[in-house]
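Across the two complexes that follow, chain A remains constant while its partner is chain B and subsequently chain C.
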Partner chain A sequence: MIKLKMFDESRISKSMLSLTGILFALYIITGLLDSYNFSIPAIGNIFYLGAALGLLAAGQTICMLTGGIDLSLAMIATGAAFIVSVKSSSGLLVALSLALLYCVVIGAINGLAVGLLGMNPLIMTLGMNAVLIGVFTVGVTTFLQGSSTVPEALVTLSTASIIDTSGWVFESATADPRSWPFFASIVDTLSWPFFIWLLVSLIVLFILARTGLGRLIYAIGDNAQSARLAGVKVWQVQVTTYVMCAILGGIGGIILGGQSGAVALSLANSFLLPSVAAVVIGGTSIMGGIGGYKGTMMGTLILTLLSSLLTTINSSEAVKQMIYGAIVLALAWTYAKISEKS
Partner chain B sequence: MKLSSKRIKAGLAVASSISLVLGASLIAAPAQAAGTYKIGVSNSWAGNSWRETMVCAIKAQAALSGKVASVTVLSRNTDAAGQSADIRTLKTQGVNAIIVNSGDPAANNAAIAEAVAAGIKVIAVDNAITAPNTTLVSNDQVAYGRVGAEALFKAMGSKGNVLYMRGASGAGADTDRDTGFKEALAKYPKIKVTKEVFTNWDWATGGTLASQLLVPGKFQGVWTSGIDYNVVTAMTTKLKGKYIPVFGSDNNEFQRLTASLAPKGFVGIVVPNPAIIGGYAAQVAIDLLDGKTVPAKNLLTPKALTYKTDKAAITANYVPSQEATFSATLSLPGITTFTPAQLFRCKAPQDSDDGSR
Partner chain C sequence: MASNSSLLSIKGLEKSYGSVIALKNADFEVSPGEIHALLGANGAGKSTLVKILTGVITSNSGTISLNGKQLTFSSPDDARKNGVAPVFQDPALIPDISIQRNLTLTGTNEARFISELAAMGLKVNLNEIAANIELPLLRMIDLARALSHDPELLILDEITAALPIDLAEKVIAVMNNQKAKGKSIIFISHRLAEIEEICDRATVLRDGVNVDTFEASQGSEERIVQAMLGDKNKGNSNDSRSSKSNISSETFLEIKGISGGKHLKDLSFTIKKGEVLGVAALEGQGQDLLFEILAGESNPESGDILINGKKVIFSHPSDAIKLGISYVPGDRKSALMPQRSIRENLALTRFRGISKWGFINSKDEEVRVDDAVSSLQIDTRAKSQVKRLSGGNQQKVTIGRWVTTGFDLLLCFDPTRGIDVGTKQQIYELVRDFASQGKSVLLFTSELREIQLACDRAIVIYEGKVQADLPIDKCDEENLLNAAHGIAVAK
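And then the complex of A and B:
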């Protein structure tokens, strides 16, 4: 195995520190605007809402570490959720298998086109996105016709608390959650989507940091040419990368579908750009080779908190858009400054 | 990311051929059929369930009339420049009438004026346009906002805080619905709008907002501009199932929830915004081509349905074979003549060789 210098440790820890600072500052501001945001249920909600974005961004991170990108990720996520819902009449296991198959096939096509045919990932996945929109638009009236209500079990896995608290703590559920008992609030806040996100995150972090595949992902993102000359079958790594990305997107899509209760064909569309933004804010280079999923997780939480902040503010949409843009630009600038110094 | 220009070219070639194939598949090839009229459709938003149903309703109504030879649909996600180009393409193809769902009230006026000057009847459906000598067929959006708000405020017992979830800021339908909403609000002094947000008619955005804002005790009712069912779903977790009244549209899933959650105390107020208004537009186009006099504005006035008073209608509206966002209103009595099966088949006159007529 070739020794590869994966990343500059000091820079990563420095940027993680500043990301934590930004996250904390945003949290304080959000809380000062509405004290409800300091409550435990509100904090739990950030993780509840961050789960789907975090999973999509996990896929995007892996792609971007190889120097690629997956712009078909939103339609992969939506498609997986749609297939699971429509096909659930033939059994949950069948439906989930079909969705997995869908993710693997689309991911493999993306990966093969990028890896073997040498297509630009940006254009390939953008084209794939257009094709998938077309396929599903036709599919709704033909081979995917049926109710897109998400099966009960998956709704529970995407929304419910791990420990069912409904019976024993909240008799007066109309009361302000800030008055709920502390312990009960904590238990209630530990939701399944958060748990699933955490579990998948650990796997992704392990793969990237501790396996040969992880090292190869960094290697080809750093310099595909020299990796190839060193004997790495670059296309195989890329196919694996895009398949993994699609599966992560699919899991995120199903959670998003479960939180909606039913699947619309535009389900994950508005998550595509945030999934890229979370990765970039987290410090992964769009040129590949530098970064990691820890930063993306912070980026996800920052974006989710930012969305909560904008919801809290009572101002016109135009002002909210300006604030959002300004903060994202400020984040990018801060990151560039930090990278420059080190 | 080092890429040779050859690879970029290859990528571009594949991408452009994909878009060509997609584009071509959306243009139905006109062929000979029983009627003589040629109808063109320009739709600025493809892949949206409501718009797809609208287009199918145009096709179904045209096919049933026996007077239409072909329906040519130019449907894609485009801006005003693209839609104006589509309108000019339809004019070049020699259509007799153009039904346009315009992405902008005024930006296509030049292209529309050219079509009108060439003797083509132009019918604006769903979204109003400012171009002169055109006919509007639309749901009355002011009434939609008002009727829904009144029914919601009644369900809330005429008092309490409302979460006001609007559509897209600046869109015609959103402004109209807001006018209606404010009219109703003025009549209920004890109702307060304590939070106003925009969903941009995006399901994920609406769902996120609902999850962030629905806190026990904070609101007594929710007014949504069509992004409805996932707001109800969010209440199951965020309000521990203590549902508060929601005003929504005729989305398939929302009607299902209105019926299925009624025993748990959920009050859903359904005000249809039927996508099959496309069928109405097709009928108006045919009437105009027949030389009949049609008013310049044709508005459908909506009615609020609740499970308590309209149990049968809401139960009947839910179509299990259709997806969640399907606009589940299957006929406009006295206007549309197609059956649900004919609507779902979505065949234009030129491709109806399957015995549907």
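And then the complex of A and C:
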């Protein structure tokens, strides 16, 4: 009996191993520069800060696996956060539904343009990004007037720990677990953004590995003609992909908004290129068809750690940008080298 | 003819691509003022010979002498300067730039080019972008450009294949004119009638060797076909057919008067359940379009497709698949996902409708995939990415995909092209197995001997129509080749 494994385990684990190595090396360097970074709350902070990027990069991963890309993702994220803030006066549920609708519509337009009209995804989503900037710039003073403050509930959700200890009452202070340092650091570590990211990640990993849709995402990225000849309506997969990407971006945007407390139109701008970089560092081919979200998660953590490292050494913004860019390029190059050999 | 009076003399020419030998020890001579036909089946080495002669590629060994002087051409430009000008099978003009700029690229004199065209009674706007010009006129432009260089030796590769009668006659007039001026021509064509009419001599290549050279005259087509086929023609029985026919009286598919593209004109035929119908044709008779139409990849301009007596229209390959028609395209690369595993490639069609996008039933998938792997004997050593498989194994995966899905009619377009002999045999057996299970197969092959090995019946397409519909005992290579050249075959 011949067993056919779904993936080439050896290949996957090899690249995951090198990514883990890079992540670990970065962590050691960060810790050596400031020993606080070795503490559990510091680790929790990396996950807390990485969550929004991780969610955006999840959307980007799916798009790039199909051979596409979504450069309107930052404005989708910002827009979702913006809509939630402005419409929160009508109730949180209404505001969230409107944000979801926004994501679905923009994603569907991107997907239809790429899938049915055959537009180049790079150009299509870049154009969409420009249109959205225009719409929101006008909207701020007209149809989207309102508070740019993120509703309290979302701020709490985006910043608080999963374990709410505020109401706990104990007879003695020593019996109170909040006074135990280890417990306290665990509480700090398990932030809601991290939890949401983890949950969404599991869903994304499941879809990619265990569902027919996941297979088709890889299939059309590898050879769309092959999928078509096998009877797959490629455009349907593409529309679904861009809608999923937009929803993931929207969730990331809302968390980002909650973490910032107020929404500006530039909210997620600085996350667009990192969302692509995280995917590429994670080993997903920009041509599509090969890679996955596990690698992107590693890429997200590496970029987040890198960012905090640059903050630790207290460099100026310009120097930070240069070092950040150079390291991203070096990582991408290293990865290309590694995958060439295997 | 003594070699010292030859214009062109080729001796012991050899060329191999890796382990594939295209030419071995080929000799060839052309006299001044001669029209010499170069003939041979697909893969006999004609194109390789032409490419070496025109400086596109260089030979591994052997000599080329022109006017008694030994030469090697390092580039097409080099060949042109030495008086050898080709007109290739496909238009050699860059499509996105004007005719004028194309002429500049080859250093062609514009005035000379215009007068050459005018001599054929044709005109062209030099500022026109090449892509906007119809194919037949492009071929004439290619010819006029070659003539502008005043070649001692003109090479015409299948130039008449894409031309209507009036333009083909103009080409023949040009050839006779060149001949009258004492210039020589190498003429490659599948139209045997033309060769008899205008050529002085013919040389036949087979498996990279020149097997016969003779005066071309009326009635030499028999000799040409014999030389092209060689010993393979004799005694190839159908002993490899492992299973018996199980043809039902019910018709599965009927094609009524399909027309489309440049080639298909009013094509009709039927396939019964459990029947393997062979399709034979020379290149460019519309067979590729026929398969695409049946697979739902293209639409015919007119005509009907009937499945089980009911008229159907396909707007997407999924429509054809739903009705039981599966397509194995000639280009394996278009059917495979090179970076994905054998398993994912085999299972791909299982997810073709949105309703199948959910959770994968791994157990069921595994069983079906393992089934296909063992029944097709796919070598799974390089299972993680199908691009690492051999051509034969890749082809088995493209067929195996439909084994896991199930089908009523399998469309196989030249499934054994570039595949080793052992795997070819397995594919014939597979096709026979499908038929014995009551499934139909439509099999186009460019290797005519395969028809008797795998089919129950064959149609031959010539100029977009069914030229002959032959029972299997009449499907010897000679009959098929004759019909493929438009020569009537007695039933």
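The working rule: the second predicted complex is superposed on the first by the 308 of 342 C-alpha atoms of A that agree within 3 Å, B and C clash if a C-alpha of one lies under 4 Å from a C-alpha of the other, contacts with A are read in each partner's own complex, and residues count from 1 in each chain.
Basically, contacts are C-beta pairs under 8 Å (C-beta built on N, C-alpha and C of every residue); 3 or more make two chains touch, one makes a residue touch a chain.
Small disclaimer: the values here were computed from a predicted structure and weren't measured.
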Under the stated touch criterion, which partner chain does A:Q236 make contact with: chain B (first), chain C (second), both, or neither?
second
Chain B versus chain C as contact partner of A:T20, first or second or both or neither:
neither
Considering only the touch criterion stated at the top, classify A:S315 as touching first (chain B), second (chain C), both, or neither.
neither
According to the stated criteria, A:L265 is in contact with first (chain B), second (chain C), both, or neither; which is it?
first
Quick one: classify A:Y36 as touching chain B (first), chain C (second), both or neither.
first
Contacts of A:Q225 with chain B and chain C, given as first, second, both or neither
both
Chain B and chain C contact sites that coincide on chain A, given as residue numbers:
225
In the complex of these two chains, what residues of chain A are touching chain C?
1-8, 11, 210-213, 215-216, 218-219, 222-223, 225-233, 236, 240, 285, 289-290
Quick check on the complex: what are the chain B residues that touch chain A?
1-4, 7-8, 10-12, 14-15, 18-19, 22, 25, 46-49, 52, 169, 195-198, 202-205, 207-209, 211-213, 215-217, 229-230, 232-234, 236-237, 239-242, 252-253, 256-257, 320-325, 344, 346
Contact set on chain C toward chain A in their complex
295, 297, 316-318, 321-322, 327, 329, 333-344, 347-354, 356-360, 362, 366, 369-370, 373-374, 380, 383-385, 401
In the complex, chain A residues that touch chain B:
36, 41, 45, 48-49, 67, 82, 86, 113, 117-120, 123-124, 126-127, 130-131, 133-134, 136-137, 140-141, 145-149, 155, 159-160, 166, 170, 173-177, 224-225, 256, 259-271, 287-288, 307-308, 311, 314, 316-318
